[in-house]
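Before anything else, here is the set of structures, which you'll find just below.
Next come two complexes built around chain A: one with chain B, the other with chain C.
The block that comes next holds the complex of A and B.
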């Protein structure tokens, strides 16, 4: 930095003084950006291109990578496990995102009007967001155990209902894990919804009341349309979260990751196993390209929806 | 929410407390209590002995800290705790510094290529971490970063989200203040650090909270880049500890509680800032 600021030898100081104020500011800007540019090029852009390149190779950590064309993609699309994983990933998304958004909107809508103990109740909903997914996955896993250990089955037994296999069943395991993920993300969504609700100017509501609109009409005609940017942000945010689910699944199925019988395995877990359990780096890279494509489509849909609005 | 506003609200609403409101309030409270049930049971079971785990009452019959003493005296948790704290703090400091610097430069300097740099950084938001871990792993193994603090930290030292957030806030800083400092002969770095930064402290605290929390709970990359127990972060360590305990649930719950207590304590201390920070980041981001 010293050679730029001119604290060095007198010659340099004179050279520095020869630049106009405008030129100096441009040099400052690039000096500020120098380290970040190296970072973004080296740690973000170069690895992105490398991932695309690796997806066309058979690299396995032992031998140097060899170009094999689209063989990885052919193998993936012919692999029934991939399609199972693909379905699972979308099951997390299609059930998880709407359910969590509806619950969080309803809670936020009513919580926003509550004044008595507002901060306390809000904190109750928000606390799970601050927990570590890896830790809470184990708490939920314990809840789902059979009697006499599992709390949920204990509760069912109290009401005389049959006990459920939960994580041991190929049908119930995925929803059981999804509940954990919804629970963990709810607090964040509620806070964002409340912030969005408060950003709506109260004059809109006053005008609506003067026009004699009821609560339900106000919700439909004023609140929901004006809340659209917040809603779109949360839809995308939670969709991406569910598409990238990993921590909960990994920790709740450690005996047979993604099991039973791959019924809970999401794409990220498949990537992890392909890359770091069987070291098929090229094949795993092809799977990450698929994940990238899915996430890109979701993000572009957000841009499209927001443009419609203008 | 201060006591004064609560009482004034109560006075204002005192006339029309309707049954509907009471029911809504009660339902919200019950929902909130269900939300914290897993946390309560985690703490409750961590205070029970192995024989009491089957007793599903929330309040332990004979609470004991034995589990905590056993888990902590083992020493590994302390190490993992320190690893996580160090990693999360270092990454947070780096983000606060660099994201602000870049955000400020993009908001307040005029130069050719500014818009391109901004778009390039913003475009990295589209790249999922999962896609980069394989190249990062390759890079780390070539450069000897596997199993090192730097290896855990390097991918997160700057983020596009943080840069974008800070740029939004720096755009709201009036140019007059910066010009006045320039007339006084301060150099650009000092102007940023001493004049501009103090004007965006709410954004800095939001960024710091998000970065710290995100790195404290991070699991995927630390799981990949660490292989020796000494270098595990708390979530990765807890996961390996829980697998090793198999069905000793009271020990697993103690480990989970130890991983959760720090963030809950921080929340209780900084609740106001955290909630405001999440709102700020959500609205601007």
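The block that comes next holds the complex of A and C.
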């Protein structure tokens, strides 16, 4: 650069001096901000828009993509497997999210009052969250086995109860997997709830007690309303988690992923299989667009509903 | 840290200098599997010693990523010169122009056809061969000698027919007081190798044919197909000598000594070799009443990448010729345990008399290969058929009809593109 025009730096310096301090500050800020922005646009937003375009093509990784209009969407909406997967995904969401939130709130509420070995108990609840999902799923897979291997069926047999097929059943497999997913996420939600509970000033409780309110009234009138920001965060967070459930299902059903007979398959697993085992990238992109839309709508709806109650 | 970087740089530079001074470097790609990598390293060392002007760079990827990597490399214009592929991926690799046909002047067709096992034809499209295997794999019946003895069966006389297999399974299955199976007569599951046994074994043994000769039409939905499917399903439906997904996977049940029999491939030998708690044996897949046997064989072949040309192409051809040579096959058998793809190397008296390799080798003589267009999806069809029968109680005829329709749809979708 400098070899081209000897006066270069001097000119630049003069130009730079012409800006006010305020302008310089803004420019510096943008110079630093540009790095993450470019990064995010490059690795997040650009692929997202690319996926929208891909969903209108028949790209299979190997041959050049051809524009095929809405054929992928027509195929998807006519595919009974897609609707089965759609129902499964919402089953994970509609049962999984509320159940996990209620349990974690109850645990957090009472754990907050426990002084004896508080840290230890909290660590016990948090431990599953730290464990790799794959390792956990494999352990549960063996729990669910029929006798003589499966622990749960072994217990049932001890009490003279009939053994259950669990993962080898089209009705029981999804709940069986959901239990493990709820259990795995519990620790995180409990910690967040406890933090939320601790953040409520104790003066409110003291005032309520002086006014003679009972536990139930305190919970309804003080704790729950003041806990709202925490609850909103956890509702959105766990809903997205259940909508995107993958590793639990994949690892617990590796021999027949999402089986038996697609009864446990969530949308993300279907996308994964379409893309990386059948190499139908266009069709997978169409499924991704549907998932993206669902996530967006569900998140916005929750934010809106929870804000309305103010 | 800095030092290491410098050293790396220096090594890189000297490596490049070496490359330019010594003509040509080619890349060989395969997936990670311990013994396969060891065997290939040995072959590369031998090859480089014989061809000092060629260096071979050995690149490996985890199996789950392998195909994606090959495709991604092609998109980036960085493909391998010699690449390993499963025979069932050939259509996709050819369609994607990832590999090029073998030059008949270097690999004469008559030689390929007379020297390799006939299943090599699965690497032929039109007039061209697209690759050659080093080793092939087939199926056989593994059996647990200890459980045979315990049930009063002769451990040196394993079942040779389908009827005998059923009888042996009935004799060896164990149940607890509540009727739960605690040890299966034969470990089964379409998710493992049973879908091959069903497709290329049982259906043919009951007088059917799984697919039309061009591989584009499903033809198993007939009397013979129903009979074969019923016979296999009855092992868990009516005879209850097994339970699908018992201990999760057939190989796990067999390894744990909780399955008297299991149908599996040569590739399982490595895993079963370390079994110490009991003795096991191998025998050919059982014959039907007329004594007819049928087996399924498969292989990974090596092909030449589409990007190789000029010097690199010549070097790649030399390397491919070496890894498909009798010498390479013997090394592969010793290190990996997979059967040589050339008949003269495989069918030696020593190998045929081997109690382990013998049954697999005999299986090769009457083996078929399925022309898969999407192996995972086609296997899923078989898994779902089994689930409908074992979990939902669907009748075999109906389950088979549904499976045939699903699989035909997969074939149609592929061939219509």
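The rule is short, and it goes like this: the second predicted complex is superposed on the first by the 283 of 310 C-alpha atoms of A that agree within 3 Å, B and C clash if a C-alpha of one lies under 4 Å from a C-alpha of the other, contacts with A are read in each partner's own complex, and residues count from 1 in each chain.
What we mean here is this: a residue touches a chain if its C-beta (ideal position, glycine included) is under 8 Å from a C-beta of that chain, and two chains touch if they have at least 3 such contacts.
Predicted model, so just to flag it, every value in this text is computed and none were measured.
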Query = Taking the superposition as given, does A:276 touch the first partner, chain B, the second, chain C, both, or neither?
reply = both
Partner chain in contact with A:259 - chain B first, chain C second, else both or neither = second
Ask   = Thinking of the overlay built on chain A, is A:165 touched by chain B (first), by chain C (second), by both, or by neither?
value = second
Ask   = With the two structures laid over each other on chain A, which partner does A:151 touch: chain B (first), chain C (second), both, or neither?
value = first
Request  = Please work out whether A:76 is in contact with chain B alone, chain C alone, both, or neither, and reply first, second, both or neither.
outcome  = neither
Ask   = When the two structures are laid over each other on chain A, which of chain B and chain C touches more residues of chain A?
value = B
Inquiry  = Looking at A:178 after the superposition, I want to know if it touches chain B, chain C, both of them or none. Which is it: first, second, both, neither?
reply    = neither
Message = Quick check on the superposed pair: does A:32 touch chain B, chain C, both, or neither? Answer first, second, both or neither.
response = first
Request  = Go through the superposed model and pick first if A:124 touches only chain B, second if only chain C, both, or neither.
outcome  = first
Query = Do chain B and chain C land on any of the same chain A residues, and which?
reply = 142, 145, 148-149, 276
Request  = Please give the residue numbers of chain A that touch chain B in the complex, ascending.
outcome  = 1, 5, 25-26, 28-30, 32-33, 35-37, 39-40, 43-48, 50-51, 54, 107, 110-111, 113-119, 121-128, 130-136, 138-140, 142-143, 145, 148-149, 151, 154, 183, 186-188, 191-192, 194-196, 199, 230, 233, 244, 246-247, 250-251, 254, 268, 271-272, 275-276, 281, 284-285, 288-289, 291-292, 295-296, 299
Task = Spell out the part of chain B that touches chain A in their complex, as residue ranges.
result = 1, 5-6, 9-10, 13, 24-25, 27-29, 31-33, 35-36, 38-39, 41-42, 45, 53-54, 56, 98, 101-102, 104-105, 109-112, 114, 117, 120-121, 124-128, 130-139, 154-155, 157-158, 163, 187-189, 192, 213, 216-217, 219-220, 223-224, 234-236, 238-239, 242-243, 247, 249, 252-253, 255-257, 259-260, 263-264, 266-267, 271, 274-275, 278-279, 282-283, 285
Note = chain A contacts chain C in the complex at 58, 60-63, 141-142, 145-149, 157, 163, 165, 167-170, 255-256, 259-262, 273, 276-279
Remark   = Counting only contacts in the complex, chain C reaches chain A at residues 67-68, 71, 74-75, 92, 95-98, 176, 178, 180-182, 189, 191-192, 243-249, 258, 374, 376-377, 380, 383-384, 387-388, 391-392, 417
